[in-house]
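One structure coming up, written as structure tokens, with questions to follow.
Chain IDs A, B, C and D follow the sequence of writing; residue 1 opens each chain.
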Amino acid sequence: MQRKTVQYDYTISFGDCDPAGIVFYPNYSRWMDASSVNFFHNCGLPPWREMQKTHGILGTPLLEIHTKFHQPATYGQTLQIYTSVSEWRAKVFIHKHVVMRAQDLICEGEETRVFCIQHPENPDKIKAIEIPEEVKRLCEFESP
Amino acid sequence: MQRKTVQYDYTISFGDCDPAGIVFYPNYSRWMDASSVNFFHNCGLPPWREMQKTHGILGTPLLEIHTKFHQPATYGQTLQIYTSVSEWRAKVFIHKHVVMRAQDLICEGEETRVFCIQHPENPDKIKAIEIPEEVKRLCEFESP
Amino acid sequence: MQRKTVQYDYTISFGDCDPAGIVFYPNYSRWMDASSVNFFHNCGLPPWREMQKTHGILGTPLLEIHTKFHQPATYGQTLQIYTSVSEWRAKVFIHKHVVMRAQDLICEGEETRVFCIQHPENPDKIKAIEIPEEVKRLCEFESP
Amino acid sequence: MQRKTVQYDYTISFGDCDPAGIVFYPNYSRWMDASSVNFFHNCGLPPWREMQKTHGILGTPLLEIHTKFHQPATYGQTLQIYTSVSEWRAKVFIHKHVVMRAQDLICEGEETRVFCIQHPENPDKIKAIEIPEEVKRLCEFESP
């Protein structure tokens, strides 16, 4: 049995780089987030705007991120981001993102996230929920 | 003796927030980076574009970040980022950023950074250097 | 009688600049948008998330922008954005933004915007509305 | 004879959208800029960091942009940006970008740009140059 991993490709733009000529690092978090959304879409989940209507789910905000940067990258280069879920707990899951440029490891990130809904008592707040079993089932393993 | 801490204020924009109505989290890294540059400026260091001419220094790229998100924030709210250096090693330093919204702790980040120059053998690469003693001296403690 | 003008200040970050060392130009649109929201806030309008509850208003999306760039700017420099409404029509208004760096004109932008609500027949779409008279009254002129 | 047009595809991310659930409009400028760099790359020009070594060229900063927004778009949707040069003058060229979502016209932009080098008398400034004839030749028409 193998953990499901979804690949997301991104070609770095000129404007993603800073005056040192390399990727401005917060962009790696942006691309990991895009790869997270792409992961769930690839697993068969509808966009959050549909999940909001059916399950009240607004998205998967972060509790924690931990990223290691191994090598700089620059514009015109294409990155491959390999995204999986390394752990499912009751209300929390851990995303693992490995960012490669062909054979070169560029950076690796671990994100701790929750599924959240609008807070029932205060529409300006959000609230973590138990992760629906169907979500786990869809996302957990490679279909054979 | 007290470690030098520099405050950076930022008012969250509409465009900094995502469809869930809260700050899109990579923006916290952008503001921590802005607060890092502001920290060094406040310590008396010239901008990197000047440091490049005098010391060859291009900036302080990251080896690692670790951020914990405690509460969401939204547009129109003003954040206070308190930035310090918690550790200086020979080639590496640790930045600590505490992001508050008045009394509320929003998030906390730790960044491992190096000072870097253009690689002497390959102008497309960068290279970490020993942190200059004058930099450490300027940044280390509150002036009494 | 003088048209109301609101000033918004922003200090350029390292990460706002591109490998040419100057502001990556889409950021000027981001700051003009921030200055637009700040303009309405300064006129006494509540945030869009409150306007949504009371008037259904989601924000002021754009029909058109036209920007002229006069001089480049770089990180560490502080910009002053002077924002006003140069014309109110029934459903459309024209925003004027003048971006200065002290005495230097950096860029100027004109934005054509509408006030919009969720589309009554399709919650995934938005719809322009007649601009409420109270909004025009609040925003039109300097209080004496 | 047909003007050369290069297509650039981009799938909108969750984080590209604002609290109204639609693309935060400065992102369209970011993607047009990415499509501009992609256009020149597709025409056979090396990246600006190589052009800087051989021709001193830092990039193609903007003098003016003019964008019309026809329909909003949201995350998960893929855009096709069709980029061409509608006019070459001695020092200035006009980029045309048409942004489609399959058959739907999302927005159109016109950009006035120059090729620039570091200012010979002040390394902190940039200077427009005559557009090299070889650049025009490479970019002007579809290869038959």
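Of note:
FYI, a contact is a pair of C-beta atoms (placed from the backbone, for glycine too) under 8 Å apart; a residue touches a chain by one contact, two chains touch by 3 or more.
Since this is a predicted model, take the numbers as computed values, not measurements.
Taking the definition of touch as given, a chain qualifies here only if it contacts chain A and chain D alike; those chains are B, C. Comparing the chain pairs C-D and B-D, the larger number of C-beta pairs in contact belongs to C-D.
Chain B and chain D, compared by their mean Cα positions, are separated by 31 Å. Centroids of chain B and chain C (each the mean of its C-alpha atoms) stand 29 Å apart.
Centroid to centroid, with C-alpha atoms defining each point, chain C and chain D lie 24 Å apart. Under the contact definition stated at the top, the residues of chain A that touch 2 or more other chains are 14-15, 18-21, 24, 26, 30, 33, 48-49, 59, 74-75, 124. On the side of chain A, the complex with chain B involves touching residues 18-22, 24-27, 29-30, 33, 48-49, 58-59, 61-69, 72, 74, 116, 124-126.
Chain D contributes residues 11, 13-15, 21, 30, 33-34, 37-38, 41, 47-49, 59, 74-76 to its touches with chain A in the complex. Interface of chain A with chain C (complex): residues 14-15, 17-21, 24, 26, 49, 53, 74-75, 123-124.
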